[in-house]
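Take a look at the structures below.
Two complexes follow with chain A in common, the first pairing it with chain B and the second with chain C.
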Partner chain A sequence: MSFVLVQVIVGGLLLGAVYALFSSGLTLVWGMMNIVNFAHGDLVMLGMYVAYVVYTLMGGGPILGAPLATLVLATVGVVVYFALIRDIMKGPMLAQILGTFGLALLLRYSVFWWFGANFLSMPPNIVGGTYAFAGLRVEASRLLAGVVALLVTFGLHLLLTRTSLGSKMLAVAEDATAAQLMGIRPDTMQAIAWAIAAGATGLAGALIANFFYIVPTVGETLGIVAFVTVSLGGFGSVPGALVAGLLIGVIESLSGYLIGAVYKDIVVYLLFLFFLWFRPQGLMGKS
Partner chain B sequence: MNLKHVTGLLCAAAMSLAFASGAQAQDKVVKIGVIMPMSGGTASIGAHAKAALDVATDIINNAHPELGSFPLAKNAGLAGLGGAKVEVVIADNQGNPATGQNQALRLITEEKVAAVFGAYQSGITLTSSAIAEKYGVPYLNSESVAANLTERGFKWFFRTTPIATDFAKIYVDFLADIKAQGARTDSVALVHDNTEYGTSVANTIAGAFKEKGQPIALDVAYPVNATDVQGQVLQLKDKKPDVVIMISYTSDAILFAKTMQSLDYKPAVLLADDAGYSDPSFTKAVGKISQGVFNRSSWVVGPSGSPSAIIAGMYKKKSGEDMDDTVARQMQGFFVLAEAIDRAGSTDPAKIQAALKATDLKPDQLMIGYKGVKFDDKGQNILASGAIIQLQDGENYVAVWPKANAEKAPVLPYRGW
Partner chain C sequence: MRRLIWLSVIAAVAIAYPLLLSSPFQQRLGALVLLYAIAASAWNIVGGYAGQVSVGHVVFFGCGAYAAMGSYAKFGLSPLFGIPGGIVLAVGLAAIVGVPTLRLSGHYFSMATIAVAETMRLIVTNTEWLGAAVGLSGPAVPRNIFDLSFLSSLPYYYLFLVILAITLFITWWMTNSRMGFYLRAIKDSERAARSLGAPASRTKLYAFMLSAALTSVAGALYAMMFGFVDPESGLGILISVKILIMAALGGAGLLFGPLVGAAILVPLEEISNSWLGGKGAGLTFVVYGAIIVVIARFQPGGLLSLFTRRSKPKSDTGAGHAP
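Here is the complex of A and B:
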């Protein structure tokens, strides 16, 4: 095994962790209220812009930008829930698709209008350069994103399985009417779920902004990856998104390096189809 | 609001529409359909093009004596059509060949444009120009470089930009020249996306090097708008080519620059094929970590007071950006089209087509560094040319080759950051 291959795998794992990080919000919203959020990629984009604005206005790196992006996006999440999701949840699937897709376009082109179409970028090394261990190179910004991805996934998993808030949220997800009879307010729980999901998404955006380009249409590029990750991991499963994210990251980098980048999507989507065929609920989803 | 109010409002709206169309009928207007990426991953290009066309229509529609003998500048409107004004109708191709095709159809059949101008991405120019050909409407392309666009036997397609075969030759000559000065240029790698632009330009360049007896050492293709390019950069790092030629749109160009830095990879010579590397947002975002990258360009700002300098100033005022090669080629193409319509003295497609065929512009009638504009039977400008520029300070490109027009000598090896 060549040394480069180790670098490829490490790069793939870090990339996969980032995929997992920005997919957790999508899987949470699905698990809580059966909504496929087509605006997800654009929430990531919004998080990136918040981090960028924080940087240009106040300077400083992710220490300031990431928490603020989380807060702003959590607020956006609550607003979106009460203004849009609460109503379209009751409608047919088509209303959900059109509703969230419309939200995606609204967010994308509002940012477009305000910031213009130009590509923006954080200054290089804003998190702290690149570490080299015996020739292996790991970018600090990607490492940070990877570590936070693990923490967020672990935290969300604990929240859902070990806390009373989590139990209430799951109860609403299972049967909103029954939960209401038990004295749980579905509206509040779902608004909280949206705040958490959008907050995690904003955090992901702020961390990705440190090593990716920032542009209003970046949500299109990232959104597709999130959907593949979530379906592979199992819709609604937070640990599933982590495993699937890591898997896709490593497969993408390995196949990109070994057989050529134009073929890497073929490998990923073949795996995806294979899973849909034999395990339609995904890696860790409930059947 | 009751029914009466609604009816009243509707009546008012109908009347204002009637007045508006009446007013329009009095002023003669020549509509030109423009297909550009106004949304999607290359929307920054569309935004720049729109600002450039605003400046161009201002120059055409209003008197600009300060531009001297620059075609169409002196008087207001198109003299050949009794001072008719040029109106640009912009359609968004969304970065999608099928959308571009639909937009061409809409512009021609519904907007009834006199000619079509577009469409940036070679793959979209390919599909949208086929519609113009079918309907017999002139189509002028100013920036798509895939060689096959003018190999289809089209009668209504005209292209002002230098194309892949032209600058493949420029690259071969340039590399031979710096080799003579001691640089290593023996193994050449191509990095390109999988779009029409990326694949066809890569093929043409590979062909040109093969002809020279120097086949391409490594071909790295990747899907456009990539989320990650570590694998590709590691491939390059592994094979260690002397020269890397990048054929990428803006998003991927930025990602490559960042990834090359994080993986500490620098080829001796990094040579970019325009596109993303000419986008001002590329230099703003990652110019500082791409110092020393070579690029091709046909745009050189002339001395102050020259038409090109004045036009660059107007563009900067409009868009806040410095003029780059892509925008300059687009603006030049638009002037060529407008000049032909002016000479045709009519919006009749056949007359415009004939005027385009008879186009013979000299270098001093252009804002860009072509040797002139004259189309061959295939519709290709045979006098298009280009030069090599280098991002020496990480902020502004300077002309470095050929020597006759160079502002500075090329600096080697690639510095990066």
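Here is the complex of A and C:
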């Protein structure tokens, strides 16, 4: 295998870990409440702008920006849950899709209105320079994003499977009424799920803001990436999202390198449609 | 009987409007309202009546727009000749998207439509033959009347009015056919409808294909009126948004819902654009987003359902039923 190809694959894996991080938020909400959040990509976008504002106002790098973005977005998630999701969840599907889709527009164009349509970016060396391992060159910002995203996604998986909070959330996902009879408050659990899901997008946004272009419409692409990841990994499954996210990162990088940068999104979208045709339950889901 | 009187009043107002309010701005506004009402009514067939929320409907709009402009730009024919081609393209695409996704829960359908629309936009933007990012233009100077290129908005207004009437008639006819009954049953409870022998997936697919065909006609008309199409105006997600929000605001699943939505939102956007200029573009969509959220949260049946619910308390207004 050529050396450049290894480089491309490593780059894809690092970006894929970030995809996995924000997609696990989407899959959590979808699996637990059976609601698809069309604003998910725009929450990531919001996280990027929070990190950008932290940098421009306070000069803080990701050490300050990432926790703040996580916190701000987690708060946004809770607010969105109580103001919107809790009510439309019980409504018809039209209301569910319109509700989150409208939220996406609201976020996207509020940011557009405030910051303009210009491409913003962080200074190139905000995290550090470029490391070289045995000839393999990796930017510090990408390395940081990939490693942190990987760890947090794994932590999220542990949280959901190994703690009592996770069990409670799972119980609500299985049967909210039965969970309520056991003394678990579905409302609280679902609000926590939204805080986690949105917090994950905030962190992911702050992590990729260091090397991605920052623009109000970036959420659209990222939102579709999250759909692809979740449908590939099987809905509700965080490990599925992790594998699928890494896979999509690699496929995207490889197709960008082999076919051309403008075609990498097309390849991912076509992959999504292909999966909907032949294996809608995802790679690891049961039919 | 009362219905017939209402219908004649609406028709009379629609026919008289551009003669009474005859400034170019007002006539253009009227034509745009009708154009978007056609697209939103077409969306309503699958989004309202079949309950399958397409968020990438612009892709069918683009099929029509590109077919119309392509028939002139590539073959030197009148844009009119592109309309059948656009319909074939749109229906074929609808089948490709619909066959796998309409078997699954409605979320998959919505996600697939948005992915298809974005894929097409990216492909067209990178295809030199289709004009790439610049797009295709229609005839700069009309050669004859069949180029449908007029300076005044008046001919467009009446053309669109006729097409809208046809679209609404098709919708009305569909709701009273066997297909309409199937759709209503499926929307209430798909499982119950299936168990009683209604071919759920196939009926939804037919509704989707019909909707795609009519949307493609709207796209062709749009391209003829503006004389060009580019990836943003023909395949951009914002067109999907406009189509969707107009139908939802007026009342998804109600015959005149989309027309009401278009009659409210098109003037709102045109006026805010002329007041605020370029700065208004972002703000308009902030307002759109807010409107959609508010409808979803408080009145998922749309504005018209406020009235229909009062007069016919037992009818299904599309607001859904709690299990």
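In this section, the second predicted complex is superposed on the first by the 259 of 287 C-alpha atoms of A that agree within 3 Å, B and C clash if a C-alpha of one lies under 4 Å from a C-alpha of the other, contacts with A are read in each partner's own complex, and residues count from 1 in each chain.
FYI, a contact is a pair of C-beta atoms (placed from the backbone, for glycine too) under 8 Å apart; a residue touches a chain by one contact, two chains touch by 3 or more.
Everything numeric in this text was worked out from a predicted model, so none of it was measured.
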Chain B versus chain C as contact partner of A:Gly233, first or second or both or neither: neither
Partner chain(s) touched by A:Glu220 [first = chain B, second = chain C, both, neither]: both
Which superposed partner A:Gly102 touches (first chain B, second chain C, both, neither): second
Partner chain(s) touched by A:Asp265 [first = chain B, second = chain C, both, neither]: both
Chain B versus chain C as contact partner of A:Asp87, first or second or both or neither: second
Partner chain(s) touched by A:Phe112 [first = chain B, second = chain C, both, neither]: both
Where chain A meets both chain C and chain B, residue numbers: 109, 112, 117, 220-221, 262, 265
Chain A residues touching chain C - in the complex, by the definition given at the top: 30, 36, 38, 83-84, 87-88, 90-99, 101-110, 112-113, 117, 220-221, 224, 227-228, 231, 262-263, 265-266, 269-270, 272-273, 276-278, 280
Residue ranges of chain C touching chain A (in the complex, touch as defined): 47-48, 51, 53, 55, 97, 100-101, 104, 106-108, 110-112, 114-116, 118-119, 122-123, 125-126, 237, 241, 244-245, 248, 252, 282-286, 288-297, 300, 318-320, 322
Touch list for chain B against partner chain A, complex: 39-41, 43-44, 46-47, 194, 220-223, 225-232, 234-235, 237-238, 250-251, 254-255, 258, 261-264, 279-282, 284-286, 288-289, 417
Contacting residues of chain A [partner chain B, same complex]: 4, 7-8, 11-12, 15, 109, 112, 116-121, 124, 130, 132, 137, 139, 142, 211-213, 215-217, 220-222, 225, 252-257, 260-262, 264-265
